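This is the structure I want to talk about, given as structure tokens.
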Amino acid sequence: MDKELSSIHYDQYLQLQKILDAQKLRSVEFNKPAHDEMLFIIVHQVYELWFKEILHDLGSIMELFSEGKVEEAQIGVAISRLDRIVKIQKILVDQIDIIETMTPLDFLDFRNYLLPASGFQSFQFRQLEVSLGLKRERRISYTQCSYSGVFSDHEQEILNNLEAGDSMFDLVEKWLERTPFLQFETFDFLEEYKKSVQLMLQREEQAIDKADYISDQEKMLRVRMLGETNTYFNSIFNKEMHEEKLKEGSLKLSYKATISALLINLYRDEPLLRQPFMFLQKLIDMDELLTTWRNRHAQMVLRTLGQKIGTGGSSGYDYLKTTADKHRVFYDLHNISTLLIPRSFLPALPMELKEKLDFNFSKDD
Amino acid sequence: MDKELSSIHYDQYLQLQKILDAQKLRSVEFNKPAHDEMLFIIVHQVYELWFKEILHDLGSIMELFSEGKVEEAQIGVAISRLDRIVKIQKILVDQIDIIETMTPLDFLDFRNYLLPASGFQSFQFRQLEVSLGLKRERRISYTQCSYSGVFSDHEQEILNNLEAGDSMFDLVEKWLERTPFLQFETFDFLEEYKKSVQLMLQREEQAIDKADYISDQEKMLRVRMLGETNTYFNSIFNKEMHEEKLKEGSLKLSYKATISALLINLYRDEPLLRQPFMFLQKLIDMDELLTTWRNRHAQMVLRTLGQKIGTGGSSGYDYLKTTADKHRVFYDLHNISTLLIPRSFLPALPMELKEKLDFNFSKDD
Amino acid sequence: MDKELSSIHYDQYLQLQKILDAQKLRSVEFNKPAHDEMLFIIVHQVYELWFKEILHDLGSIMELFSEGKVEEAQIGVAISRLDRIVKIQKILVDQIDIIETMTPLDFLDFRNYLLPASGFQSFQFRQLEVSLGLKRERRISYTQCSYSGVFSDHEQEILNNLEAGDSMFDLVEKWLERTPFLQFETFDFLEEYKKSVQLMLQREEQAIDKADYISDQEKMLRVRMLGETNTYFNSIFNKEMHEEKLKEGSLKLSYKATISALLINLYRDEPLLRQPFMFLQKLIDMDELLTTWRNRHAQMVLRTLGQKIGTGGSSGYDYLKTTADKHRVFYDLHNISTLLIPRSFLPALPMELKEKLDFNFSKDD
Amino acid sequence: MDKELSSIHYDQYLQLQKILDAQKLRSVEFNKPAHDEMLFIIVHQVYELWFKEILHDLGSIMELFSEGKVEEAQIGVAISRLDRIVKIQKILVDQIDIIETMTPLDFLDFRNYLLPASGFQSFQFRQLEVSLGLKRERRISYTQCSYSGVFSDHEQEILNNLEAGDSMFDLVEKWLERTPFLQFETFDFLEEYKKSVQLMLQREEQAIDKADYISDQEKMLRVRMLGETNTYFNSIFNKEMHEEKLKEGSLKLSYKATISALLINLYRDEPLLRQPFMFLQKLIDMDELLTTWRNRHAQMVLRTLGQKIGTGGSSGYDYLKTTADKHRVFYDLHNISTLLIPRSFLPALPMELKEKLDFNFSKDD
């Protein structure tokens, strides 16, 4: 039987007695009240609340993708929730403007009381990084503090379990690897794509050759560009080279998943590939915004502390700036762009495949 | 044969000699140089450039929808282009912050030289409003200037032709009216929906009745809410009432199109309805942002001019504020929300229909 | 003796055990888990945290202004803190984008469990409105619920005390009334300003008269504009008329304060008036953003609920839209723009006054 | 005699016939119309229009600062104009969201026609960098193209002249060097500051020493932090070391200017130093936003092109990412934060100096 519906008041529903009673200024405690400490506390609490929401949405997407097969409707849900995460991330970036209303001098009024608390101790942020797929060995360390000094035993256990299981990256990789259509009857996607790439490069070479309207300098530049382009393409045709790069760590996404992502990007105009394409786009949005946030955060720290060492002993700006690029998880998805070719060179799909990829809203008219 | 490819320089490609030579300050011409007139000119030119892009995107969507049948892939394209329009609109709103760096006193330094130029004379903005579906008779007039006094003969002809043809609103309405599935074999959507609504209202009435944990005041409130809710629902079950409201002008969307929009909203989790749902969402986003822009624009005018009459003779703030609500085109799509019922009351679709609405990315695994 | 400094951990400092444990989903409690209820709770908690910060900053400004005399340095502090409030308000507006990722159908999944909780019950928001200067009798009522039904006795007492004391509006008005310089030795600001206005209007009349390059229609328009302009100016020269409007309620700011605000706006280039001018600008920013928030909030409610009645029994969209304009507190400061005249007509200040208004950073070189 | 005032129409005033006729799609010219090329052209034109406005504002500030002495009122104007530049920059960053609606595949539809046009050829952007103070020798080169291949002779001359004259950086440095108060009668700022720093460091050392509530690990961390802090401070007390760093290039701002900037930051609560402080803050805002724009721009390029070489032959992402940090001009102003000390350690100013730094709006009451 259902629980009986009871009335509820706004304050009670939002548990405001807890939320609004959780700002205890250390500067007040030490009898040197600093007005801006309130902002400092509140802005961090807001960040933590948004992290909780992001984890809630990300967790639900991971659940959808952890079952062997992902239904079309579930990709739709995943896109909506990633879109929400992206909108939250935009706010996380924009609200750094609020923190920067606290000037360096104002911060010094209470900074000493915070030692050694540090954003580095945010368990939820670490949880987020690990859930996305940042590996412990890839993480840049910025303090002598051992891992165990930062989180409680219980928290460490949660992180260890997260690392042991499939991350968002792993789930996306597996889903991509399951993509059908790479081989459809006699149509071999990679083979056809390879022919197109060669034709395209050949055409470009000829065009440069006979172009007498451009300077020699520019001709050389174009030839050089073509050469480098060639290199990028060769790498996708060579599974061994790809595996090598995976070992080195310069690539992360498996060979098969990479080819699937390429196929989805190239044929994203086919109805059935539209949602998978949008899903990949949203992952890139999320990744990009995390980088933007890290860059912006680093700047804010530089502005507030200069080259001072952070309250947690971190080296501040330099460390944060480096993570912006290095802690990125879906870098290989950005890189698919390197492998795209113009639609005019796109291999035509066999009619039967094209039909399989189509469906129509009003086909019964 | 293809035209031969030639080199091009950045300046030449962007025609910067035109773009950057189009700022002629009237205050300079009259020997009273006002620093801020440059901003005033440039910000308006930027607006006009964005309007051109919006018209370019909107026009392409209207073309897709003007052919009898809209393919699934085309809805995908329409969504992407609406999304672009929405992102441009956000910038149009945000850049009002830039205009507001020009204080009222700074504006007075050159305002006199501008008479009677006015934003009301923007042909592209008028074109946009007419393309969306704002009818001449619904437009709020704010000046004695006759229509003919504002635009050239050629421009008037374009506007007349636009009004004579199908607007975006018309095209969306026709597309909605073509939606299949309102009647699928023995399944009559409206009939099933009606039963669900009645069941839902009945349950709520009982719940209120037996609830002894709420005050009498609150009980009365809930009963009143239920009554009004009932009224909204009745209106969708009564085609005559709907037609009546169309005549009065309190509604704009046809009965059949309204029911289709309702169906799409209720069953948007079905794969085949996902894109149509997203398309309707983007239309609402666009409509909402146009309203936000009008409100924000009105505020900026109030701040800069107070109650002064605008350079074109418009009454400024009051006029602009009124158009925010009155010139809205897709209001009825917002209103669909009134008719939604919780998923738990949603009539189940017959299995055959559910299958028709499904398709699957990995169905061939 | 000072309390001894102790170490503190991030979680402990931010009291995250409270903050992150305050999301109890009603839908879960009633065994119908709705994913989006988490967002709904968190977004409201974030709003309340920001409201707390706004009240903290606003309160500190009111304290500075409540002592008879406001030092220059204090105006500087007030500007910084208003700037912070404004930056927070921007985020409050922007994060409505996040709420709108929750679709109407998703909201219906748990809306029923929330009755009769409502944003109308936010004590902090009410506190903010009252602190700014919104009077109970001006507040638009949107529910039959009596005032006492909404807040606890203790909360009502706080609101009553706030209303009894000086609001931000009152403090600003008093500060403006204390402005010196309205009468400086033989220089009577209002008298000189009046002469300038008359000269300006006369010149404009002559210009229209002899202009043979403009159409008769436009001539008429310009004459009409001049007439209305005249009316605005007359009102500032007539203390009785002003007092009348205060009684009616169409104006709120006292005659003397209005004239001071006008003087500050006109001579804001004088070093000593720069900060007072910036302070008035920030007040307008804050007022404008509150209006923008109300408009945006109303739109979001329309989109989510359509014309449905809100959980608290409010009529939703229509009510909220109306408050955007009617609950504005510093409207009269916007209106100062109506009274500005071009710098070229500005009465010259006597040399002694100009010197009094000047100071120089490097005067001792 | 004044030129006679004539009527003007909106289109004519904004020269819309030029502005709206400057979008010639290369893809159309080559008979392969690509819808998104319109966006590509328009977004770049909008950037160039904003660059023109930024140069207009920056130029006016540089003019104000190029006269030996800067009046207080002029600092006020400079702050307002920097604030405008900052608001424009925010839009420049945000509108990258619009460009990103163009997918990599859509770009490939017309990319080939653009060779070798490149954003690197934007003369206005180069002008901006040089005006701010980026030196040719510090600029990171990313192409074999010689400088002369990029700009016309006339443009090169303008850039050479700009480099020969005072940049914004030079003007700010000179203005800072003119700051009085570093030595005021018997008060020697640097001497007093040094004593305070020593006292502060000594106190912190003692505190760490006797703290038995912290772990040895944390103690070591704190001692290490103290050591590094000591190093930063020592550098400001040693003119020779500073000159050395200027030679190496790790610092750019002269010794005297650095000390002045420090004084302004420390005593910014004194009325007379408030505006200079705000001016420095706005410079940092501008610098920071340029960095943000560069980072965001780099990301967008990565997303659109992957590791492909740009149309102008630039290596794209890697190059752009590097400039974000290396092309920063006012880095040393950010670094002042390193040298700040808490207000409680601030040397008291002699009464006479304090009075000199004060002025009061209502002092004549």
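Just a few scattered comments:
By letter and in written order, the chains are A, B, C and D; residue numbering begins at 1 in each of them.
What we mean here is this: a residue touches a chain if its C-beta (ideal position, glycine included) is under 8 Å from a C-beta of that chain, and two chains touch if they have at least 3 such contacts.
These numbers come from a predicted model, not from an experiment.
Interface comparison, C-D versus A-D: the higher count of C-beta contacts falls to A-D.
Taking each chain's centre as the mean of its C-alpha atoms, the one that lies farthest from the centre of subunit A is C.
One inter-chain figure worth recording: subunit A and subunit D are separated by 29 Å, centre to centre, where each centre is the mean of the chain's CA atoms.
Averaged C-alpha coordinates put the centre of subunit B at 39 Å from the centre of subunit D. Separation between the centroids of subunit C and subunit D, computed from CA atoms only, is 32 Å. Of all residues in subunit A, those that touch two or more other chains are 5, 7, 112, 115-116, 214, 218. Within the complex formed with subunit D, the subunit B residues making contact are 2-3, 5, 7-16, 18-24, 26, 29-31, 35, 38-39, 41-42, 44-46, 48-50, 52-53, 56, 60, 80, 83-84, 87-88, 90-91, 94-95, 97-98, 101, 112-124. Subunit A makes touch with subunit B in their complex at residues 4-7, 69-73, 75-77, 178-180, 207, 211, 213-214, 218, 269-276, 356, 358-362, 364-365.
By the touch criterion stated above, subunit A contacts subunit D in their complex at residues 32, 103-105, 108-109, 111-112, 115-116, 143-145, 149, 214, 217-218, 220-222, 224-225, 228-229, 232, 265-266, 268, 281, 284, 288, 291-292, 295-296, 299, 302-309, 313, 321, 324-325, 334-344.
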